[in-house]
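As structure tokens, the structure follows; a few thoughts come after it.
Order of writing sets the labels: A, B and C. Residues in every chain begin at 1.
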Amino acid sequence: MTFFDALDILGTVAFAISGALSAMNRKLDLFGIFIIAFVTAIGGGTIRDILIGNTPVSWMQNTTNLYLIGGVTTMSIILRNKLDYLKKSLFLFDTIGLGIFTIIGVEIGIKAGLEPIICVALGTMTGCFGGVVRDILCNEIPVIFRKEIYATASIAGGICFISLYNANIDQNIIYVSTALLIIIIRLIVVKYRISLPLFTIKTKK
Amino acid sequence: MTFFDALDILGTVAFAISGALSAMNRKLDLFGIFIIAFVTAIGGGTIRDILIGNTPVSWMQNTTNLYLIGGVTTMSIILRNKLDYLKKSLFLFDTIGLGIFTIIGVEIGIKAGLEPIICVALGTMTGCFGGVVRDILCNEIPVIFRKEIYATASIAGGICFISLYNANIDQNIIYVSTALLIIIIRLIVVKYRISLPLFTIKTKK
Amino acid sequence: MTFFDALDILGTVAFAISGALSAMNRKLDLFGIFIIAFVTAIGGGTIRDILIGNTPVSWMQNTTNLYLIGGVTTMSIILRNKLDYLKKSLFLFDTIGLGIFTIIGVEIGIKAGLEPIICVALGTMTGCFGGVVRDILCNEIPVIFRKEIYATASIAGGICFISLYNANIDQNIIYVSTALLIIIIRLIVVKYRISLPLFTIKTKK
């Protein structure tokens, strides 16, 4: 197992926990909890695969992640009242997941020979759209459209990846730089409560 | 026409009626009623086809079902105030639909050479996700995430199908056993008002 | 650049503006505004491409529209308080967009050798489903299911296209006739406040 695989697993675990907590907060039943955990962890990659025509989608070709998500969700349910104390590490895991999944998405775009802007979009979708599908299924306006720099950090990471890639930098350095950039942006944003500007339309009175 | 085809038609009819009634309850207009009936009847199979890369999706390759859904929806609108008396048979039809569509989904997965757990997932998606898309379009939390054993019955049926298939049982016996299992679970669940457990998170006061 | 290309651009521009205004009305942040503008303009075509298996989807193969949508959305944000005066032309652009996108969808269906009813469905999805995805992301019941003749105009246009095509009419005449039919239906419907009938279910008291 490579360092990259380990990070992939960390990302999947973090997203599964985040999905399971989210579902329990919304009082979904046992089945709902598993589905939402599953969707949060693999939704972004699934949408990416569908858009580029990589079918059967990844989780159908390699089922390891399914069992991982199942196990993590079961643990989340058992430990649900203790996870509160894990919130800080959860935020870190989630951010690591965002970093890793962005990298995976960008790289798949490059391998498919797509244009740089599309590679960045694929990275962002892989990183963020699991959460979007989770929020849609739970009947809420996806949180990334409202207040987080979440997607913006992912976009910045994607641009960083593509730039370093075009400069022929060593792959491992690209991975680490991209992930670090995304993590640092998220940490700064959350620490200083930065948010993207809103543009409201004036209505006449 | 085989017995299997007849059941397929029954399932499509039941899901179309259920979608049309659902749309009228939400005061959608004529177009909305047809779209929701259509989506409820073919949504699960469409998501399955997209995920495994079976495109153009089934209803584009064989349009018989489209005309069937159109006719059934028209009848549902005309008879909308009489369908109340049909509720019990509707529940039965709907459950038959769940059984048949689960079988179709599992079998497509097996033919595509996918792993057993994925075949079960495809069966469940084929059976249940029409209703999920219907609820999302109608801006509600999908009902299967909240209180029904619906999906659980479909999963049990899928596991039954795969087990019998691996034991080299005759195909017709597999079909009947799987469908019966799903129907019996649903009947028991509804009769005894069984539901999956909820796991809520304690909040400090 | 052909007349057809010019219309395509006009349609994309109109849908992007409509999406951006919609997002600002819902107080989404900067990222949300761009995503919703993007989804409104390319959502219909994306769903069409996924259903027929035309992947990577169109906007990944030709990125011109992405830059166009980005520019238009930026302008919409800057001019957001002046766009009020443009409402009438916006409605016209939007209707032109519906006409053009319906044509594009029908034609793609014909080229893929699909049945007439499927070609009409593809035209309607290309024209309307960007707005449907926009409404789902914004957590509202899609407006086309509730009060507009929007989709119905698109369906009528699709049927017109197919009929003329089967009669071997010159392609440019088909384009103009289809677009005009859709635009005229929309204008009449809005002017005379026509809407599709609702069918409600009587409840016993």
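Keep this in mind: a contact is a pair of C-beta atoms (placed from the backbone, for glycine too) under 8 Å apart; a residue touches a chain by one contact, two chains touch by 3 or more.
This structure is a prediction, so every number in the text was calculated from the model and none was measured.
For the copy pair chain A and chain B, the superposing rotation over Cα atoms measures out at 120 degrees to the nearest 5.
Different-residue interface: chain B and chain C share under half of the residue numbers found at their contact. Centroid to centroid, with C-alpha atoms defining each point, chain A and chain C lie 30 Å apart. Computed centre separation for the pair chain B/chain C is 30 angstrom, with centres defined by C-alpha atoms. In chain C, the positions touching at least two other chains are 50, 53, 136, 139. Chain C makes touch with chain B in their complex at residues 50-53, 112, 114-115, 117-118, 132, 136, 139-142, 144-147, 151-152, 195-202. On the side of chain C, the complex with chain A involves touching residues 21, 23-33, 35-36, 46, 50, 53, 55-57, 60, 63, 66, 77, 80-81, 84, 136-139.
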